[in-house]
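Structures incoming, each one as structure tokens.
Consider the two complexes below, in which subunit A is the common component and subunit B and subunit C are the respective partners.
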Partner chain A sequence: MAETFDADVIVVGSGALGSNAAYELAKAGKSVIILEAGERIPRWKIIQNSRNSSRRGDFNAPYPDMPWAHTSYDNDYLENTGSFDFRPGMLKLVGGTTWHWAAAAWRYLPTDMTLKSTYGVGRDWPISYDDLEPYYQRAEEALGVVGVDAQDQSGQNGPASPPRSKPYPLPAEGKTYMFQRLEARLSPLGFHFIHEPNARTTRPYDGRPACAGNNNCMPACPIGAMYSGIVHADHAEKAGAKLLTDATAYKLEKGAGGKIVAVHYRTSKGGDVRLTARAFIVAAHGLETAKLLLISDVANSSDQVGRNLMDHSGIGMQFLADEPVWPGRGAVQQGGIFNRRDGEHRRDYAAVKHSIANNVANPAVAARLLEQGVLGPELDRRIRDESSRWVDFSTTFEMLPHATNRVQPHSSKRDALGIPTLTVHYDVDDYVKAARPIAEADFHTFVKGMNGTLVAISPGYQNRDHLMGTVIMGADPKDSVVDGDCRTHDHPNLFLATTGVIPASGVINPTLTGVALAIRMADIIAREV
Partner chain B sequence: MPSAGTGAIWSFASPKRRDLLLGIGVTAMIAGGGVGTDALLAAPTVSAPPATFVAMSRFVTGSDLVDDAAITRAWAQLVALDAGFPAAVAQLAGAVDKAGLKTMTEFLASPLGKDAALLNTARTLTSAWYLGYTGTFASHASKDDTGFVTFAGALMWRPTIDATVIPTYSRGATDYWIDPPAGTPVPKGAASVRDWRGSGAAANSSKDA
Partner chain C sequence: MRIVTNAAVALSAALLFALPAQAQTSDKPPANAEVARGQYLAKAADCGACHREVHSGGPAYAGGYVIASPMGDIVAPNITPSKTAGIGTWSFVDFERAMRKGERPDGAKLYPAMPYTDYQGITDADMHALYTYFMQGVQPVDTVAPKTQLPFPFGIRLIMAPWNWLFRSNTPFKASAGLSPQAQRGEYLVQTLGHCGSCHTPRNLLMAETQSKALAGGDVGGWHAPNITGDPISGVGGWSQSEIATYLRNGHVSGKGVAAGGMGEAVDHSLRYMTDPDLAAIAAYLKASKPIRDPAESKPDFAWTDPRPVPLSAYETGDTHDQAAVGDSSTTDGAVLYAGGCASCHGLDGKGTKDGFYPPLVGSSTTGAANPANLVMTILNGVSRQGADARSFMPSFASQMSDAQIAAVANHVLVHFGRPDRSVSANMVADLRNGGPKPLLLKLMPWMFGIGGLIILVGAIAAARRLRARYA
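Showing the complex of A and B:
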């Protein structure tokens, strides 16, 4: 008798990566089940929660934080043992964590993917930029990415790069007045200003309206102009995929021939369910994916699962320019200064990206003035003046993979479902620390160039929420978890759709790359099942 | 967007600015996170805000605060954070009344403006109404002692309402942000480039940093 399955493919996680893979497979006629630990929350409710939160600076705050589906800011759920408080924004609901991001949709550079062979540090990818390029294009079309075709995104002021087979699906949004003013005064000093390709539409696209500058990309776009995984969670369902909520996967079951035969999930109502499939995709975020593999004791013959954790740990700087530049008009970020994204310096210290934040400045400015004791009519006058001149740089560094930076299931703590919580050990490395003085020197040049007044350079390092490395990709099964197709070396029918596969972090937001890899993986699975 | 709006909680002397805010409501549903008002709404023992709290809130902000629900939230949360807060407000009100002060400008110029305790009370009140929450925000945590007062009614938005949006709301069409707000002086020196350009020869960079 022929073997029967509950689905051709089961996808664990309904975020941007899992939902894009699920949609591609459903479109190809495969039966697909998506398991989501959280629930479906309507956009209007998230915005209402956001407006009525006392914690507007916490982008997780408008979202559910349930005893069986925790967000990452719950200190009882994510424990740190290293020198850095590694605490990326992570959500559990249909659509995943791209409910709150700023929709940066960069491609890696070819040199990012050959870091070891080009600069002698870190690791190379087992696939090339050319292998990925067609899937970058498909990912950009899926997300509705806007961009400037002619720019050298490596920041070297050369010809357009990285190479593209087709133009961006949509034209870039208008350049903000602030960006114009900073560029006008700082580019003569040699700084190369680059538009950030992003997934905020500039005209109606795939049921989404054009961005109208609500300036609330984080914690959530009120109008759905900004892409979120919910777009493809919905598309996948309409294409026939079955999406189960309140379904936390806690075990991948091994069978004959190294194959995974089933996934077990648990609900908050107390039920345990076993589902079988021909192939499995774990798309459960860079931390949770590694945890699920570890508690299932799968895919870890290399002992690399959970290790090599990377974020673009960053620093920030604010200053007051000598002229009104008016941040806060448009989306929350638009690009920045990219001179140090690539170059020979990467042999010695990390690539650096200086992003320019474009949030309405009033909350930061008002809080600072109140701390200074400014009261009465002077407070209003200074809020207006300083909010108009506020410039906020958010700088990120390239990180290298280290086996000691890792996520593990907690040794004793359990969530409400009895599933281990998370433990992270993370130390910022010397490659990043060597780049910090270079970045800070840039900061002072920016301030001087704008004849400005420095407000602050952040102490320590900041989370950038870009999870990489935890299920690292490589050609050698002895030192990596997945191959270039995101297939686990140990289990031929287990694939991982997560930015956790990325072996060389570069300095750009990795989500678009994750979606491109997920679509590529879906093509491969569709041929096999 | 469902909204149990009660309108902006403050009003302006300037009708022009007030007009800009017509239609912006303050939603009444409460999100999780801080102390919030879920507990407050379930706590019948919270006393009504005294007239001195309302009067001193209006005095320190120079604003005609009119949202009774926000006033009730602010009072309950400030008392919960500091049991001495009612006495501090009474002390401030008594001092202001005794000195016959009518505005914060007069207060700050008077000897009372050098009194650390009175200034601290004034700052606590101002902070709640300007930032729209009470307590101290803790980042990268899921809980702290903050409490929601108001969002769209927060006074910090008021000074720039002609130039920037209250986040979540929008004004103008796509790409309105290319131009500066009306009245922005034309900057001296380097001219802006409004359109995106390619790199290399087309770029306006002249040398490497």
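Showing the complex of A and C:
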């Protein structure tokens, strides 16, 4: 007897990962339904919101924070109980959180994926770099990634790495003047400058114009040159996927044989809907995916769902160089210094990435001068001068998975739909803390190398919005949530498309890896349903 | 320039007369030169506009590309020298018959999407070079392209017989007396290989080019191909010869306009490959062509150069903490839509960037046109064009804005940066989204009882045409 389903595959979440999986499946002829908690909002509207916002530093401000689809900067929605205010810039709308990112599109190094066996700390991935490589390539083609083929991205000044089967889809953008000046003066001191592969196109690509250096990647690219999940949400719809907005999934229903039989969603208009499918993909962000599994009581025989939460917790440093370097021209980041991305030191302390932030410096410079009480013509003069000499390093550390760092559904708070809100407990670990003095020593060398004046080193740690570990991947069902295919150990037809599966964080932005895993998963599902 | 043109004429003449005697002469041009010349002519004739690769990087001329004609979808056939799927078994006579008469070797009629009424005038020498190129210079591809199946009555290819009798000439191309040799060369390129009239000449009730209004502007799939006669107001008489040549080569000239839609494709696939002398010749001919003016017009479309300033307050909607308002994208305020959707590139003042990378909306033939269709079509479809100098791209806004919103933003542009006495309605946008107004022939079709009505119509028009010819 043939069973009937509402769709072959239901995808919860229309962000970059869910939309890429949905598009691949729709392209393969599968019927696909995408559930999105938020609404569809056109780019021009987001730009209008952004341009008229008085909260320019709040990258979530141009996006709606609805009582039934909260964003993460809402303290009522995301509560912290640990020593660190864990608060990534999560959005809820069609296209997801990649509406605002800087589009860094790194691949992991082979050693990042064998951390335990190489350096004796953390966990290994259950799949190898070679397993993932073809999907990295496809993900780069999907996102329109620009990059330099012949550089050692491990930062060791060796041969090109990690290995690639094909060149980058697009050539890298030119180096900004600031990048050139820092490289010219600091590389003689032994620092290896690495261009950051990124999904800001350098020529028209897949309906997107070339990046024109609006320097506005966050809160939103005004022209759509930077990749966002909206690209593949649109592609998925054109390929036949059905996208439902204002549809918050709140329950995955278990059936016979350990399979998931249905997903239940709720809308703000009132009303619950149950949809059945042959396979389910939860692609609802690193925090919300874990929450949905926990409130549905699925996939958690290991008791690891929501645990092992990792971010690349970071620190920042600003200084004034002795020459104008003109930050703010071009994209908001372009790479940085990678000497400590890999090496034996990872046995003892975290890998370190020093990114050079390239934001227009006027707001930060002006705020600092006003705090110092500088006013009048002197204020104007110094804003002009210091904005040209401002150098801002944004440094990130590798984090290890710990069961105590976790996200959970809130014990009592509910959103407007009656669904539990989020609670996070997060402490920065000793592996990161041991790396901090090393990074700070680098900072002082940078300042000295530029004959500069140190402005500040951030006192605590900063969010980097890289969600990992919450539905951790592993070979052993007893200590992990999904296998190397992102299939939950407990339910053969439930897959998770989120960077939350990543078991070893490395020190680079994980989105490209998430998309590569999502495409790989879609290939597997397409063969099975 | 003249030397080059004369050389081309001499070469053509040499080829023309040398061909029958090939066996006896030892200094005939090498076959590869003939292939190269044919390849250039195929570019000039823009064969690849329709016989293009279906997927980027796919084989050339293998067919399968679907041309959305008002009468239905026409599938470009495989014209590679494949003996099974293409034209590999065609003799020169077969090739020439298709090119000049619109007939396949089996006698079946081609549809005039194939511009054989224009190709008819191609010189024998050029025709030979084209044939040589398609037989020897194109990779054979053994994939049969899908068949074109137009709805009744257009599915009956025989209906093209009376149409051909009416609208196809057998007279070889003859350059107009009184034109410079350069303009004569241009006339040849425009009227035969370039088949510019396919778009730029208005079509009559039976979808044939109205020769009395040659190059005076036509409508193609929602786009308006403008008047390119030498008239200084309605045509391109106000453009310098070098501006026209630059436009054809690059697809844009600051202070005049940019190529989008079909013209963008013509630049991309054909014109950017043409030699400077040939582009200069086309420009010389267009400027010298018979001016046709729309009497209602008093100012060229690129000459609306006085923007009406917009107060910044029109663009500033203020901060809001109302989350419902943050998510509400229903506005039809043209200034707000312009600020969010367009100003990042074209500027709040509509002046684009100083280097012209983002073109100005002030003093542009698109925003100053009597017919605002191209403005709407550009917003709907964007621009994607490779010129000889650079690639130009504008994203499509079709899925980001409703019909009413596109009308509102177009009207904001017209009122402040372009031609303020023109306006766009949501209905017009809806129409253009669906490929533009339907030709009268299609609108009348339900009223005609099939082929019988068509024959009567053809007869009536033939009579009128003969009468008009008699008294002209």
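Heads up, the rule we're going with is that the second predicted complex is superposed on the first by the 528 of 529 C-alpha atoms of A that agree within 3 Å, B and C clash if a C-alpha of one lies under 4 Å from a C-alpha of the other, contacts with A are read in each partner's own complex, and residues count from 1 in each chain.
Here is the rule we go by: a residue touches a chain if its C-beta (ideal position, glycine included) is under 8 Å from a C-beta of that chain, and two chains touch if they have at least 3 such contacts.
Small disclaimer: the values here were computed from a predicted structure and weren't measured.
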Inset, instruction - Using the superposition on chain A described above, determine whether A:65 touches subunit B (first), subunit C (second), both, or neither. - result: both
Inset, instruction - Once the structures are superposed on A, label A:184 by its partner contacts, choosing first (subunit B), second (subunit C), both or neither. - result: first
Inset, instruction - Classify the contacts of A:212 with the two partner chains as first (subunit B alone), second (subunit C alone), both, or neither. - result: both
Inset, instruction - Report for A:44: first if it touches subunit B alone, second if subunit C alone, otherwise both or neither. - result: both
Inset, instruction - In the overlay, answer first, second, both or neither for which of subunit B and subunit C A:151 touches. - result: first
Inset, instruction - State whether A:485 touches subunit B only (first), subunit C only (second), both chains, or neither. - result: neither
Inset, instruction - Quick one: classify A:52 as touching subunit B (first), subunit C (second), both or neither. - result: both
Inset, instruction - Please work out whether A:223 is in contact with subunit B alone, subunit C alone, both, or neither, and reply first, second, both or neither. - result: both
Inset, instruction - Mind working out whether A:204 is in touch with subunit B, subunit C, both or neither, as first, second, both or neither? - result: second
Legend entry - Intersection of subunit A interface sets (partners subunit B, subunit C): 44, 47-49, 51-55, 62, 65, 203, 210, 212, 214, 222-223
Inset, instruction - Using the touch rule from the top, collect the residues of subunit A that touch subunit C in their complex. - result: 39, 41-49, 51-55, 62-66, 93, 203-204, 207-210, 212, 214, 222-224, 234
Inset, instruction - In the complex, go through subunit A and note every residue touching subunit B. - result: 44, 47-58, 60-62, 65, 71, 73-75, 85, 87, 148-152, 156-160, 172-177, 180-181, 183-185, 187-192, 195, 202-203, 210-216, 222-223, 323-324, 326-330, 339, 359-363, 365-367, 370, 373, 375-377, 379-381, 383-384, 387-388, 442, 445, 463
Inset, instruction - Using the touch rule from the top, collect the residues of subunit B that touch subunit A in their complex. - result: 1-3, 27-36, 60, 62, 103-105, 107-108, 119, 122-123, 126-127, 130-135, 137, 139-142, 144, 146-149, 151-152, 156-160, 163-181, 184-185, 187, 189-200, 202-209
Legend entry - Complex contact set, residues of subunit C against subunit A: 315-320, 323-324, 326-329, 336-337, 339-341, 344-345, 357-358, 382, 384, 391, 393-397, 399-401
